[in-house]
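Residue numbering begins at 1 within each chain, and the chains themselves are lettered A, B, C, D, E and F in the order written.
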Amino acid sequence: MSRLRVAIVGGSGYTGGELIRLLLFHPHVELTQIASGSRAGHYVHSVHPNLRKVTALRFCHPNDLTTCDIVFLCLPHGASAGEIERYQALAPRVIDLSADFRLRSPELYERWYGAAHRAPELLNQAIYGLPELHRRELAEANLVSGTGCMATAAILGLAPLYRAGLVNRAIPLVVEAKVGSSAAGATPGASSHHPERSGAVRSFQPTGHRHSAELIQELGELSGGEIAQPVAFSATAIELVRGILITAHVFVNEPLEERRLWRVYREAYQQEPFVRIVKERNGVYRYPEPKILVGSNYCDVGFEYDAEQQRVVVMAALDNLMKGAAGNAVQALNCMFGWDEVTGLSFPGLHPV
Amino acid sequence: MNMAHCPECEAEVALQGLMVGEVLFCPDCNAELEVLNTEQPEVGLAPQVEEDWGE
Amino acid sequence: MSRLRVAIVGGSGYTGGELIRLLLFHPHVELTQIASGSRAGHYVHSVHPNLRKVTALRFCHPNDLTTCDIVFLCLPHGASAGEIERYQALAPRVIDLSADFRLRSPELYERWYGAAHRAPELLNQAIYGLPELHRRELAEANLVSGTGCMATAAILGLAPLYRAGLVNRAIPLVVEAKVGSSAAGATPGASSHHPERSGAVRSFQPTGHRHSAELIQELGELSGGEIAQPVAFSATAIELVRGILITAHVFVNEPLEERRLWRVYREAYQQEPFVRIVKERNGVYRYPEPKILVGSNYCDVGFEYDAEQQRVVVMAALDNLMKGAAGNAVQALNCMFGWDEVTGLSFPGLHPV
Amino acid sequence: MSRLRVAIVGGSGYTGGELIRLLLFHPHVELTQIASGSRAGHYVHSVHPNLRKVTALRFCHPNDLTTCDIVFLCLPHGASAGEIERYQALAPRVIDLSADFRLRSPELYERWYGAAHRAPELLNQAIYGLPELHRRELAEANLVSGTGCMATAAILGLAPLYRAGLVNRAIPLVVEAKVGSSAAGATPGASSHHPERSGAVRSFQPTGHRHSAELIQELGELSGGEIAQPVAFSATAIELVRGILITAHVFVNEPLEERRLWRVYREAYQQEPFVRIVKERNGVYRYPEPKILVGSNYCDVGFEYDAEQQRVVVMAALDNLMKGAAGNAVQALNCMFGWDEVTGLSFPGLHPV
Amino acid sequence: MSRLRVAIVGGSGYTGGELIRLLLFHPHVELTQIASGSRAGHYVHSVHPNLRKVTALRFCHPNDLTTCDIVFLCLPHGASAGEIERYQALAPRVIDLSADFRLRSPELYERWYGAAHRAPELLNQAIYGLPELHRRELAEANLVSGTGCMATAAILGLAPLYRAGLVNRAIPLVVEAKVGSSAAGATPGASSHHPERSGAVRSFQPTGHRHSAELIQELGELSGGEIAQPVAFSATAIELVRGILITAHVFVNEPLEERRLWRVYREAYQQEPFVRIVKERNGVYRYPEPKILVGSNYCDVGFEYDAEQQRVVVMAALDNLMKGAAGNAVQALNCMFGWDEVTGLSFPGLHPV
Amino acid sequence: MNMAHCPECEAEVALQGLMVGEVLFCPDCNAELEVLNTEQPEVGLAPQVEEDWGE
């Protein structure tokens, strides 16, 4: 089988760099073009120094891209939708890591992103590229959307409970995300200046966080329509470069035993190559933690039950640049082409790190 | 006392020495304010682009 | 006025060390005895190296303590109550930083700490040593309890809303705490080994956290009896040595405007020397953050309102060893003796740090 | 005694912010003007959030400064010398924290800074503001220079050996500095972007570091003329916001015993309020470390002797914004006005932190 | 070709865990036994949580090990030599990561390790397992020694200069190492307790560091006998889990141009799969840094020349658990069996991280 | 003054209240010391196992 020719747009950014790293080692693709407006002509390793001696590729200018088999878009939100026609003309398949094609409804988009969508007609063709929920649709898809990094963690953590119909919809869902600095991308600014950002525990979106919309859409769908409760999603930036942990408080509609939860989660994830249930009675790592996931494509999911309150605390962890972005996109790619889903994604993470 | 109230947070804002149209900041919520009236002390929110705050 | 003679028990630990630092510079006290079982005979600076050339004091053994004017107990929970008689015999006033005398009800204690209290008869004499709530009672108190570090942040963040009667008691209260490693004390272990603890985002008490009990007691009291809703309190250990941020989601029982919340918080805290309202429209530090509070006695409090959901997100930050422990204890001491409440507590914190 | 009126220029930067913090609590001065070109009109606490509720001062524009008793300049190098006349017209005494007036020779300046000095006639009036070496001259000085943060550590660490004539001048002096991110100031850039700077161990000036010039000047003077050996100074930026450790390798010209070194160092520093000898046989903190010095004005100095090689390894640690900049400047101020040298500088640092 | 059966002793430690991770993905070996005295019976992932769902192996007790094709020893120094007979009886080939078989001379060993060697007769059979220097000998070796993590960086950084005969042997060689916490292994202690170790810049071996012995041996050999100059090696523990940077100051015996150095280094390393020359005129990552090497087997080497002093500053970076231990051991394994040297070692490291 | 000198670093070490054989610590170098003589104040290094200090 000849290799698919792949292009990356936005290759000088963080999700772009991660995709380059993954695709250079992917046996079924050949990475032929990496575009960057600001770094055109420079070696890839001048921006992503880990790739020195790994690739001699140079960035091309986005305007110089030529046709190929698949294009990955790693652009700020808004930039993909604005030029989606041009990108679709370059290749029959497009995977867009931005938020532009995550929501199926133009109204929902406008409400959360504060502007009309620039290619609303494509929204219902685009597949929300989370293989654990949309594996089958991905096989047919020509336009695939990446997933929000915090949303991915929250959705994977909560999906089993919603699917099982256990959630008490009369009580709000609270999700608190802790997130590292790479989630904000590669552009420096006052708040990312090291002396200011180091050691921060910074509430950057106490209300109205856009990732809520993805939760509402995806968990709603699993619940047969709409998620009926308020979703209270807040995010805190902490001292960390890569990684996300979400902690969610879910009230259930009947008394349970933890064994029931074990069954629900096991059923959901036992066969999943990249979701692990983490819930240990001993040791240092009893619940999901992003620390050991750096560079890996796992989403670790755990839970604890409070019998008195009929409450489940759900925790889910991932590397925002991997299962939260580039790794998940490669997994989706594997689904689209019918390849073994773990291809190119076997790095297990490190301990200690 | 030449005091107005911040429309955002109601903090007291001193206007002495300022003229209508001048800009100042709220000591409590750091909103950018414009002096609207100095006789009957009044300030309004200055037009502001919402900074993108990252992440 | 002659200085009060003060003794510290548990001086080799973290809250003990912080108390030493503060009391050495307090103009109205003389620190005469610092006890440690494991380090008796050693110079204080051999354990707390910041104090080299600041004091030539040595640790004495707890059994060698002699009478004085006031004793601070900085011991693991259980250890204070077990020997409280002995400590009360040493001095007419005792301030206990452990959890032993925080709850007024022996039943509540037993439920959360899993063992019968060892001096239940003292529980209703002890004052919960949070000056912002119990300033007047402190003036008369002989037994004062320190406050839980996360509980302090949560209570100070939420008290204005409860006192104002704004909280919708039909909906659970969710409080998520982020906390640094010094909150777990000075004893090394597998999970505090640097390669394991560094960069951690570790759920260490998803349900049933003991600090809940303090919240329930204190917020309940403010609400005229009992807090009627479930309290969902979870804590996550993050990469940080000193510091706590709590994020709380509170549903209110009527539509509000943010200005109303400003009024409520301003009324509560404008006169408080150690509580600041932090809520800015611009800049890097828009909400409370523990980073800039290191070494200071402030608790910074902020909020954001979600009109659609009638929800307030409350954030509160402090240094767990200061306003969360030793600093607050000194503030309580100042209240007990009628001294200016800020005496010995003027260090404002650093920027950057 | 009425308080001196003080102005700070460059108050929005890091050394400026630290000076504000210190001077607000200094009993003999009143901080009346704080200038910033970019933040004029803003509250000081909007830039330095630790100072909220501590001061209600606002920044003025540098052009709006009026006369006062003393001016501190906290500007990028070059900016002080360029306008020094204007600043000297504002106040009879000027303390300049930049590098502009550290070197006594215009030739030396030009060689290390690559441009002719803009006020060479002032160079021999300016005093190198390190009280440990120039205490007496400071009492008379009208123009005082701050000291380089790494240079201060190196000079204080090495001065006793040079003064005692122990150094073998035939062998190069190697000094390796480890330094935190605040030493590079408040302006964001690609290399200070948190995901890039976090966890860095980055050689930023392997050869030709400008702080060498101060070492050569000051150690030379102590050695009666000129330091005859090559000075190899390299600096590595590490994960740290505040702090410097220098490690120096000095070959001595005769066999020694460590006790001899103890005597040499004790003689130099026993009476010094802000230099401590740290050299312990046990415990965690056996040698100088910047960690526990955060916010304090100490420079900790230690040494270890290698008998076989006739080599002394000297270590010296400080907080670059304190003893390396603002704290030292306040100490110099105290010297200039004959106040107790520790005035306003009593914060001892924290443990743990 | 059937896979080689491999056993690891000391699998619960850090180098052991890293070896497990690597060997599980190595196509030519099957990892059949992993021994741990303290964790026998437990799942490997209970200690190394990154390996959950990757392997279902459990630790066996060291006493229960059975014969196989190759044994890796990941034990504290002293423990390998003490039982080397037993381990050699288990397999024809042994790779020992400890310091026990690094030095060829029992005298040298005794001098640096303070005790007589327990299997001195094996010392001259053992190969110092650095492929870049001993590739050919490895092909024949039955007993291979791992290399010191800091020594590896220093040797690879300096070897080209010594081999080229450029070094002025009349002047001492100064090497300063910066190192992360995982280099000290998995056992907790007072100095590795997170609140104490976090943010440390701690001199832990200013003189007499044992890794000096490896430098002296290996660089001496390259220089045709013995390195004639004093070797001043000091090590500083910094805030970092994985990673080492060494900075060395070498005086050369004739005036050079940087181009000459480029030639010398290029000649040495152009063909080396795991050594990269890093020396850029622009960008953030101009010199070697361990940050981007986490998990990779690269040693990055760079240099800068000071013409005036005839001095070369050499920098070399690596991940102490990879090129400094387990990765290098796998590379040596590949050499021993004639496999492609990069087998199992292709992970390139991450950016950002 | 009942002062001895630390054999390690020559710091002054106060012996008041101590008897021969008792152990104390040097305030400067933290060496563990043993009182050898109280008349002619003298202390010696107490026998000490070298702690392993990691890394």
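What we mean here is this: contacts are C-beta pairs under 8 Å (C-beta built on N, C-alpha and C of every residue); 3 or more make two chains touch, one makes a residue touch a chain.
Computed from a predicted model, the values in this text were never measured in an experiment.
Hopping across touching chains, the smallest step count from chain A to chain F is 2. When the CA atoms of chain A are superposed on those of chain C, the rotation angle is 180 degrees to the nearest 5.
Residue numbering at the chain C/chain D interface overlaps substantially, since over half of the positions present are found in both copies. Chain centres computed from CA atoms place F at the largest separation from chain A. Taking the mean of the C-alpha atoms as each chain's centre, chain D and chain E sit 38 Å apart.
Centre-to-centre, using mean CA coordinates, chain A is 46 Å away from chain D.
The residues of chain F that reach two or more other chains are 30, 53, listed in rising order.
Those residues of chain D in touch with two or more other chains are numbered 14, 46, 182, 190, 195, 198-199, 239, 241, 280, 282-286, 289, 352-353. Residues 23-25, 27, 30 of chain B are the ones touching chain D in the complex. Chain C meets chain E in the complex at residues 14, 180-182, 186-190, 192-195, 197-199, 239, 241. For chain D in complex with chain B, the touching residues are 41-43, 46, 56. Here chain D touches chain E in the complex through residues 171-172, 174, 176, 178, 190-191, 195-196, 198-203, 206-208, 230, 232, 234, 236, 238-240, 243, 245, 247, 249, 251, 283-291, 302, 304-306, 309, 311, 313, 315, 317, 352-353, going by the rule given at the top. Here chain B touches chain C in the complex through residues 8-11, 28-32, 48, 51, 53, going by the rule given at the top.
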